[in-house]
Each structure stands twice: as structure tokens, then as C-alpha cells.
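Here chain A shows up in two complexes: once beside chain B, once beside chain C.
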Partner chain A sequence: MTYHITDNTAAAIPLRDIPEVPYAEFHADLAEKLADPRYHVAHYFALPEEGRMRFYCLLLDDATSQVLVASHVMEYYDEGVLPSLTAIHPQLHPFERDIAERYGIRFDGMPWPKPLRFPFDRYDRSGSMDNYPFYTMQGGSLHEVNVGPIHAGIIEPGAFRFICSGEQVLHLEIALGYQHRGVEHEFAATGNRLRQTCLAEAVAGDSAVAHATAFTEAVEKLSGHERPAQLDRERGIALELERMAMQIADTGALSMDVGYQLGQVACEALRTMTINTTQAWCGNRFGKGLIRPHGTDHPLTAEKSAMIRRNVAEIARRYDEVRRDIKSSPSLLARFEQCGIVPRDQMAAIGGVGQAARASGLARDLRATHPWGVFAKHISHEPVVKTQGDVMARLTVRCREVLQSARYVDRLLEIYEQKYAAGPSPCPAPDYAAPLAPSSLAFGLVEGWRGEICHVAITDPEGRIVADRIKDPSLHNWMALALAVRGEGISDFPICNKSFNLSYCGHDL
Partner chain B sequence: MKALNLLLLLLAALAIPGLINRTRARLAGRKGIRFLQHLYDVRLLLRKGAVYSTTTSALFRLAPSFYLGAALTALLFIPVGDLPPVLSFDGDLVAFAYTLALGRVALVLAALDTGSPFEGMGASREALYGALAEPALLLILATLALVTGFTSFGWIFSLAPELRFTVVLLLAAYVLVKLVFTESGRVPVDDPRTHLELTMIHEVMCLDYCGTDLAYIKIAGWLKTAALSMLAADAAVAAWGLRWWIAAPAAVLLTGLSVGIVESTQARNKLVRNTTFILTVAVLAALVFFTGYLLQLNLVIR
Partner chain C sequence: MILPKIKVLRSHGRQAIPDLDAVELTPEFRGRPELTATGDTAELEQAAAICPTGALSVTPFALDLGRCLFCGECARRAPRNIRFTNDYRLGSPTREGLVVRPGDRCVAFDTSAVRPELSRCFSQALQLREVSAGGDASIEMELGATGNVNFDLGRFGIGFTASPRHADGVVITGPVSTNMAEALQICYDAVAEPKLLVACGSEACSGGLFARSRAVDRSFFERHRVDLWLPGAPTHPMVFIDGLRTLLGKKQRE
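== the complex of A and B ==
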């Protein structure tokens, strides 16, 4: 089968260059390729185009750093039924469910045609999330526990339905969609690129930098402008600072959930220090406003660079102490080890990404496999991989990534100080009006702290962005959480949940 | 003297939660809330009205008062050092243990009455751990009775025991402190600070309570903790032949500091491990009992 072969740094692809293949061929080839864990699907979506439906698929090849792009079409009068790929490779389930929900296309043999996020303009509005039929099991010794959609504490809505035998969880079903805001709809509705960038930052509040970077990557590929290497470095620094902050926050949250107060308060303080560093740089603790297309409003200065380096070194030093404390506490190890295990083959089957996949022995890290920006030039990233797949493995991956990110930030700032500390910044101001290539597809693939983020922007013949299709890593990894708690005690669900810390709004869009 | 005894117990009950909070805050490098913040919280709750779920019956409304009554009654049996307790009769050891159990039963039934799956889980856990902790408590009380020859708290602690029982009394105090952890739902058995319903034991049973009822449950919790802490302090103090003015502050310090330190530095158990934890305490209690028994035989080894 023919693909358009590209990579994560190449320019936008004209839509006519993307091969259109018959679905049968597409089905057969993907069924074969996905059996090898070196391939996984980054995005698969449908878009109406001149009276027909065109399906785009981005397939990542981790071994060669290639991105394979293919498409298939469905004409207006075609029967809206396709053989399901999910039946063979479960990793495609969120994509097929999304396509089915939006456009009413049925996937024949789909094991579980469950709505994904109940958008307001969905094809079939007969069902709603209020009367969603949860999976049930019968048995005298079984009981169901429903948690949510409204939770205690300040977290987002999502319903968890447990089927338990005593304290043991047999099955967990996660129902999401409560946080659906129509983000993709808004992207298409506004032509204002600044507004679109702000929207990208709001896809998942804890991954503002990563989503904004993915979107601007796509935009810059469409405009075809060269950007100064320093801009890439600044984006890299922002991304790694975000990663540090969130991984530290989750270390603290995990400590809190097992009642380990010292770890909790130490990590809360360090996380505040990290996000305050970002605030001192750009005025926003979560890095909103920092990533802009073609330039930046907050170029680094010598003082800011020195401040960030100083803070990051201090955070890394203190965090390392916390990490050692956790590793040497028997009461913590007893909670985290052998808890919430997701084996490698299951993780591969559901297409898990990011730090959760790396904790299960699946070395998926776009910084290494599909590098962009600084990772293609200055940093050769070595992914942190653990094989146990339990809560402790996910925590260890977090811990080591924090220290790794601290080193990257320091290195990138060192380059900056050597080159530009005395002179003016080489980064231009943002440009929101740069003309974009017409009728093209461009994608931004960025490894956020949670995992791979994919934005696919598509332009019309006038060069306007008509669709930005977003994939947050949570889309894949929610299923990993459901698998992790199987057979565990229900009281261990919270720490399993925290060890993934998935996004509700990133999933629900 | 009985009034002084009761007064000291109530003061201990009010001081222990404050000291726990203060210890935890200091170990976390924080200033911490006011020492008597828990009293302000309860005053706030007492001023509030109550909302009852329509699925609950009178049982649900009675349970908090019953729980508080049971805790208060149990407290009346406890002497502070060598002071005489308010209520005292032969066999009040057993009455004490089962008055506490009665309060627990009331709360468990009320939790089941709500029909909520969370509360059902909490009730099942509370019942299991209560049943497992009961032998430990009874064995320790039996040991006290055995080494002193009395079955009433008032008499047990009124006289300085013989020197050879020092070790037994200290071990009994240790087991009683462990029981304070389990019975008052502290780390490592339960975590009173958690907001995660799925992991709660005691707290989840009180989720449907508010206002006065919740205040009653909280106060009953303090009283229960104070009663067991005072017993532990009594045993330790008796081992050294000390008097009530040591026993009262010892009870506060023993529980306040140990709970505060453990909650700051240790994670709570995986829930299935709680069973092991409590059974270990029970086994320890059995060992203490046999040690006491052997010493009481007064064997002379030639």
C-alpha cells in the first residue's frame, strides 16, 4: 500500500499528494502493520470534503522516525459501513468511535461501539450521557460502585463504574464526555490565529505549552517559514519546565493519596517553585502566552536565563532528595510496587503512549523516535523506560524524567548564554497573519509530559485552517487505567488513577 | 476526685486532636492551624441543621446520638492514674470493651441504612477491622486483670503493681497505643484526611451526616481516642508506680506525638494489609497475656 512518507520536521503536505487507497487495502495493510509494536496510529479521523468523506490516518514508525500518511474516501452514496479495525487492533477504538459518533459511519464488527464524548452535533442524538447504559455483570456476590461524574475535590467530571467482588475490582468502565466544550469546532469557527493559539493552550490546562507547541508546529509547517534555532530552544525549555512541574505535582499527589505527608508537602513546594519560574519568565504559571506562531512575546534575557538556571538546579537538587526518600521508604514501596500493573503486550494493544507506556516497557517517546525542534538538533534524547508496568514504575519514570528535563533546560540555557547573553534576542515577534499553504495538511507531534500530543491542521484552497484535529495522550491511556485496576482492590484505584493522571478535558475536547 | 478524673479525661480528649495537628504541621515545616481549631469546627457543625436522605430511616438519625452516648459511657469507666473512675464495678473491663463495640454497631447499621455503595464498603471494612481488633483489646484487658487480680479499672490502677509486672504493663501500653491507631482510624490503618471515598474506612460511613450529627460523631471519636490513650498511659504509668498527674499529660503526649509522627513519615497500608497489621497486634496481645500469665505463676527456677 502507498503512503505519503514524511517526518516530524518536514513541510506541510498538499492534500492531493496524500494517496487515496481503497478501504479494503487500507484495512489489510493496517491490520498487518499494527501487529508490530514499532507502528502505532497517531491520528485517524474523518473530514467531510466536497460532498464526500475523506479519512486521514497518521501512522508512526518508531524504528525509522517516519510518519506515514494515508487516506481513504467514502463517496456520498456509499453505504456507511466499514469493517472495523478495532476488532483486530484495539488501539484504534477511540478513533473509530469518534468517526462513528460524529458522522454516523458504522464500523462493522466493532467490539464496543460506545460513544466517545457526546458532542452536541453528534450524528445520533437518541442517546445521551444521562442514560448511557453501563456494562453490567450478573451475580449474587457482585456489587457495583459508581464514582462520579461529580467528584470530591477539585477535579474534572468523569464517571467510573466499578463491578466488584467484595473489595476486588473485576471491571471498571470509564464514561467520559462531560467536559466536552467543542474545542475543534471553535478552531474551525474562528479565522483568528491568535485565538486559535489560545484555544490550543486551553485544550488541556496542564499541557498548555505542549498543545500550543504542537499547534504552532503545524501552523509553521503550513506557512513554510524558517524559524531561528533560538526559538526552538525557548520552546524546548518551556516544554521541559512544564514536564518538570507536572511530574513533580504528580509525585506529590501520589504521596498524598497514600497519606505520606512529607513527600506531599515537599513536592507541592517544588511544583510551585517550578511554575513560578515559568511565571517569572512569561507572566503565566502554566506558560500560557509563551508559545506563539513564528515568534515569541517573551524572549529570554540574560537575567531570566540566570534565574531559570538557578531555580531549576535548586529544584532538581531538592527533588532528588524526595525521590531518594520515596525509594527508601518500605511503607511507600509496599503501596506502589506490584499495584496497578499493565503488562507490555496490553499496553501495546491499546496503543498506550507517553510515560505510562514507558513504564510498561514500551519505549514510545516522540523526543527520541520522532524528534522535532531542539530534539532534532541539540539534544539526543534517551527515553526513560521501566518494564514493571506498576505504579512504582510510572512513578520512577516521572522521577527520572524530572531530573533529565532539568539537565536539558540547563543545557539549552547554556547554549543561549554562550550565544546571545550580551546581544539582542534573535527571536522575532509573533506573526498571526503569515499566509498558509492552501489545501494542505500539516501536523505537529509533540511529546508532552503525559505523552504524545498530535495536532493536525488542514487548510482550504484559500489557506484558511478549516480543521484542527487534536489528539491528547489521554485518549489512549484512559483504557490503560481501566486495565490497571482489574483484579486490584478498589481502595487502590485512587493511586492507580493518580499514577496515570489523565486529562478529562484533553479527552473530551 | 471522680469529678477531677472526668475533667482530666475530657481535657485529654480535647487536647489530643490539637496536638496531633500541631505535630503534623511542625513536621511538615508548617505553622499549622490553631490548637483548638477542631473545637471551632465542631461548634460550627453544632450550629448547623441537618439534611437527611429520603432513603434513610430512624436508625440513621439515632445512630450518632447512640454512638456519642456509647463513647461517653465507655469514658466513664476509665481512671486517670490512681484516681477513681466515675463508674466502677467488678467486670467493668468487659463492659468497656462492649460499650465501644455497641457504638460501632450503631454506626455500621446507620451506614448500611443509607443504601450507598460507598457506605456499604465502609461498613464492611469497619465491621471486619472491629472484629479483628476486639480480641487484642480483650486480651490486654485480661492481662491487666490477671496481673493485678481485679476486674475493674478503678482497682487495677489504684495500687502500684509488683515490680516483676513492669515489662508486662509496658508491653500492654504498647499494644494499647497500637489499638488507638486502629480504633481511631489513623495512619497506617485509615487516613482521616483523605478525600478519596474508595479508600476510606471510618470517614466513608459518615459521608451522609452533616451538622449536629456529624459533630456528635466527631466528638465521640475524640472521646474514644481519649479513653484508649488514657488506658495506655495508665498502664505505662503504673509500670513505674507513678500517679495521676503524670498519667493525664502522658496520655495526651503519647497519642498526640505518636500519631502525628507516624502520619507525617509513613504511608498508610494497602487495605488488604490492614488485616495483617491488626492480627499482628492481636498476636502481640496474646504474647503479652502469656507473659503475664507465666510471671503471675511466680515460678522459682532453681
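== the complex of A and C ==
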């Protein structure tokens, strides 16, 4: 089959250069390729285009760093039924559910054809959030536990339905969509690129830097402007600071759920220190406002660089002490080890990404496999991989990534200090009006702290962004959580959940 | 194994901020803006045109913090007219109080708009139920942080509780997505009277970036009176703490 072959640093692709293939060929080729775990689908979506529907698919090849882009087309009068790929490769499940829900396209033979997020502009509005078709099982010894949409903590809403035999969870189904705010629709409805960048930051507030980076990557590919290497380094520093903050927060959350108060409060304080470092750099604890297209409003200064280096070294030192304490506490290991296991083959089948996939032995990390920006030039990233796939493995990956990120931040700041500390910043101010390539597709693939974030921006013949199709790693990984709790006691659900800490708003958009 | 724990404990030290009412945030923090009217509105019009949420109006010159994302772009476009200070005292008992005008030296806190039973019932202890209705998780994390070792809001008897039956009030974050509207209403109804209602974050105050989105249903705010409006994207823990303390009469806004 023919693909447009590109990579994560190449320019935007004119829409006419993306081959249109018959669906049968697309189906056969993807069925074959996805059997090899070196391939996975980063994004697959449909977009109405002049009276027809065009489906775009981004396939990542981890072995060669290539991004394969293909498309197939459905004419207005075509029968809206396509043979499902989900039946062969479950990793396409969320994408096919999304396409079916939005546009009423039926996938023949799709197991589990259910709504995904109940968007306001869905094709079939007869159903609603309140009558989500949960899976049920019959049996005298079974009972159901319903949790949500409002949870006990200060977190986002989502409905969880457990089917249990006694304490043991047989099945968990997760119904999402409560957070749907119409993010993608708002992207298309505005030409104000600052507003679009702010929207990208609001896709998932705990991944504001990563989502904004993915969006600006796409925009800059469309404008074709060169950017100074220092801008890439500053974005890399922001991204790694965000990763540190959230991995520390989740270490604390896991500690809280097993009653390990010392770890919890130590991580709370360390997270405060990390996000206050970001705040002292750019004025916002979550890095909102830091990533802007073509430039920055908050260039580093010598004082800020020294402040960040000092804080990051201190955070890493103290966090490492917490890590050592966890590893030497049998009561903690007894809860974390052998709990919530997702084996490698299951993780590969559902297309898992990010730190959860790495904890199950899948070395998926865009910083290494599809590097962009600073990871393509200054840092050759070595992913942290564990094979056990349990809560402890996911925690260990987090722990080691915090220390790794701290080293990256320090290195990037060292380069800054050697080159620019004495003089003015080489980073320009942001540009919200740069003309974009018409009728083109550009994507930004960024490894956020949760995993692979993908923004695909498409422009019309006048160079306006008519669609920004967003994929948060949670879209893949919610299924991993459902698999992790199978066979576990329901009382272990909180630590399984925290070990993933997936995004509701990133999923619901 | 006790030695590693002693190490953690020693490095951890004392973390609580001693006096929460005396906190000064970093100068980089974008808090209350100060507006200065000049004869020339050309720059202002540019700033208003790019404002991502339409929070800035040129005639009359005003900035609505209930819509503002604190991105700071207007201050870069019109530096003679707008300047963001690091003042985190942003909460207001009225929605109109969030509109900042030229010459304002603080966000107005109209104490006459505060129901007197609030300080009578809740000044010693206040348990809140947080409902995220389309919030982007950053604001939920900031509310979680109000109870952490640094801010330790629990010292004033204020905390978050799991059940609305145990709560004295509801804190709403997010623009209120249509899919969450009913759950929010059910949760609010489950809280016993007298109860407090807080809209936390610019998205809750006005819808923010999603004010015009068709996936949002803000009819809840037409049916219920909000006692405290807190701007921010996300709302800084100090904005929340200051707002609640002022609402309960523990603190005065000069």
C-alpha cells in the first residue's frame, strides 16, 4: 500500500500528496502491519471535505522513526459501512468508536460498538450520557458497583461500573464524556491563534506544556518558519519540568492511597517546589503561557536559569530519598508489587503508550522513537523500561523519569548558560499571524508525562486551520486500567487508578 | 527500615507557610491587573482584538477577570494601559465585582452582598464538595493543593469532603459541560441548607474559552446564587484561600 512517508521533524504535507487508497487495501495493509508491535496507530480520524468524508491515519514505525500517513475516502452516496479493524486489532477501538459516533459511519463486525464521549454534535442524539449501555453479567453471586460520575476526591468526573464476585473484580467498564466541552469545535470556530494556543493548553491542564508544544509544532510546520535551537531547548526544559511535577504528584498520590503519609507529604512539598519553579519562570504554576507559536514571552535569563538549576537539583536529591525509602519498605512493596498487572501482549494489543506501556515492557517513547525539537538535536533519550507491568513497575518508571528529567533540565540549562547567559535571548517574540501553508496537514507528536500526544492541524485553501484533531494518550490507556483491575480485589482499584492517573478532559475533549 | 525514613523526614523539614495572610507571590505571577486610561486607544483595540476570551473592552475601558485567562497578552500589546500585578486578592461576592476599571487599586469586595448567615454558620468549620464540570484538571489540582503541607487550609477548619451530605457547600470548576449539568444539580440538591456556592476559575465564572460552546450548559447559574466568584486559569491556591477567608469575615480587603 502507498503511504506518504515522513517523520516528526519534517514540514507540513500538502493534502494532495497524501495518497487516497481503497478501503479494502487500507484494511488489509493495516491488518498485516499492526501485527508487528513496531507499528502503532497514533491517530485515525474522519473529516468531512467537500461533500465526502476523508479518513486520515497516522501510523508510527518505532523501528525507523517514520510516520506513515494514509487516507481513504467515502463518497457522499457510498453505503456507510466499513469492515471493522477493531475486530483484528483492538488498538483501533477508540478511533472507530469516535468516527462512528460523530458521523454515523458503521464499522461492520466491530466488537463493542458503543459511544465514546457523547459529543454535542454526535450523529445519533437519541441516546445520552444517562443511558450508556453498560455491559452486564448474570449470576447469583455477582454484584455491580457503580462509581461516579462524581468521585470522592477533588478530581474530574467519569463513571466506572464494576462487576464483582465478592471482592474480586471480574470486569470494569469506564464510561466517559462528562468532560466534553467541544474543544475541537472551538479550535475550528476561531481564527485567533492565541485563542487556539490557549485551547491547546486547556485540553488537559496537567499536560498544558505538552499539548501546547504539540499544537505549536503543527503550526510551525505549517508556517515553515525556522526557529532558533534555544527555543527548542526552552520548550524541552518546560516539558521536562512538567513531567517531573506530575510524576512526583503521582508518587505522592500512590503513597496516600496506601497510607504512607511520609511519602505523600514529601511529594506534595516537592511538587509545590517544582511547579513554583515553573511559576517563577513564567508566572503560572502549570506552565500556561510558556509555549507560544514561533517564539516565547518568557525567555530564560541568567538568574532564572540559575534558580531552576538550583531547585531542580534539590528536588532530585530529595525525591531520590523518597524513592529509596519506598524501595526499602516491605509494607509498601507488598501493596504495589504483583498488583494491577497488564502483560506486554495485552498492552501492545490495545495500543498502550507512555509510561504505562513502558512499565509493561513496550519501549514506546516518542523522545527516542520519533524525536522532535531538542530530542532530535541535543539529547539522545534512552527510555526507562520495566517488564513487570504492575503498579510497582509504573511507579518505578515514574521515579526514574523524574531523575532523568532533572538531568535533562540541568544539561539544557548548562548549554543556555554557556551560550547566552551574558547576552540577549536569541528567542523571538511569539507570532500569531504567520501565514500557514494552504490545504495542508501537519502534526505535532510530543511525549507528555502520560505518553504520546498528537495534534493534527489541517488547513483550508486560504491557510486557515479548519480542524485540529487531538489525541491525548489517555484515549489508548483507559482500556489498560480496565484490564489492570481484572481479577484484583476492588479495594486495590484506587492504587491501580493512581498508577495510571489518566485524563478525563483529554479523553472527552 | 527506619534510616531512609529519617533521611526523608530530615530533608522535608517544616513546610507549612506560617502566616497565610502575609503571603507574597513571585513577581512573575499574573494576578490583579491595573488599568490606566490614556487618550490613545489604538493599542488597546489591538489588545482587545486578540484577547482569547473577549475579556477586555475598550469603551468603556474594563477588564472582566471572570473571563480573563491571565495570559498577559493585552499587557504586552498595550503596556501603557494594562499592567498585571502579583496581587492574588481576586475573589468577589458579586460577578460585577470581577470587572476591573481604570484606577481600581483592588478587586472590589462588596461585603453587603455577602449573606450574613455564611459567617455565622461556617466561620469555625466549613466542609466543601468540589464538582468538576468540564474543568481541565489544573484547577482541580490547585484546589487539592490548598489542603497540602504547604498551604494547609485545614488549619482554619476548611476542607473538602467526599459526600455532599457531609458538605456545607459546593465548589464548581469548569464551564459546566452539558453532560455534567444534571449530576451537578443532583449534587447541589443533596447539600443541606444553609449552603455556600463557589464558582472557581474563569471557566466556572463565565465559561472561559467555552463560553459560546454548544457542549456547555450554564443554566445552573441562572437558577442558583453564587456566593463567591474566583477568577484564574487555574485559580491559584492563595486566590481560593484569600477569597474564602474574606467571605467568612476573617480578613478584610482594603
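The criterion applied here is as follows: the second predicted complex is superposed on the first by the 509 of 509 C-alpha atoms of A that agree within 3 Å, B and C clash if a C-alpha of one lies under 4 Å from a C-alpha of the other, contacts with A are read in each partner's own complex, and residues count from 1 in each chain.
FYI, a contact is a pair of C-beta atoms (placed from the backbone, for glycine too) under 8 Å apart; a residue touches a chain by one contact, two chains touch by 3 or more.
Keep in mind the model is a prediction, meaning the values are calculated, not measured.
Of the two partner chains, chain B is the only one that A:D257 touches; chain C does not reach it.
Looking at the shared chain after the overlay, A:R335 reaches chain B, while chain C stays out of its contact range.
By the touch criterion defined above, A:C496 lies against neither chain B nor chain C after alignment on the C-alpha atoms of chain A. In the superposed model, A:W281 lies in contact with chain C only, and not with chain B. When the shared chain is aligned, chain C comes close enough to touch A:M129, but chain B does not.
Looking at the shared chain after the overlay, A:A152 reaches both chain B and chain C. Within the superposed three-chain model, A:V265 lies in touch with chain B and with chain C [touch as defined at top].
Counted by residues of chain A touched, the larger count belongs to C, out of chain B and chain C. In the superposition on chain A, contact of A:Y432 is made with chain C only, not with chain B. Where the contact sets of chain A with chain B and with chain C meet, they give residues 152-153, 262, 265, 329.
The touching residues of chain A, counted against chain C in their complex, run 118-121, 128-130, 149-150, 152-157, 177-183, 185-186, 189, 192, 194-195, 198-199, 202-206, 208, 249, 262-263, 265-266, 268-269, 272, 276, 279-286, 288-289, 297, 317-318, 321-322, 324-325, 328-329, 429, 432, 503-505, 508.
Those residues of chain A whose C-beta lies close enough to touch chain B in the complex are 143-147, 152-153, 167, 255, 257-262, 265, 329, 331-332, 334-335, 339, 489-494. Considering their complex, residues 1, 4-5, 7-9, 11-12, 15, 25-26, 28-30, 50, 52-53, 69-73, 76, 130-145, 148-150, 160, 162-163, 174-175, 177-180, 182-183, 187, 208-210, 212-216, 233-234, 236 of chain C touch chain A. On the side of chain B, the complex with chain A involves touching residues 24, 27-30, 117-118, 120-121, 187-188, 191, 193-199, 263-273.
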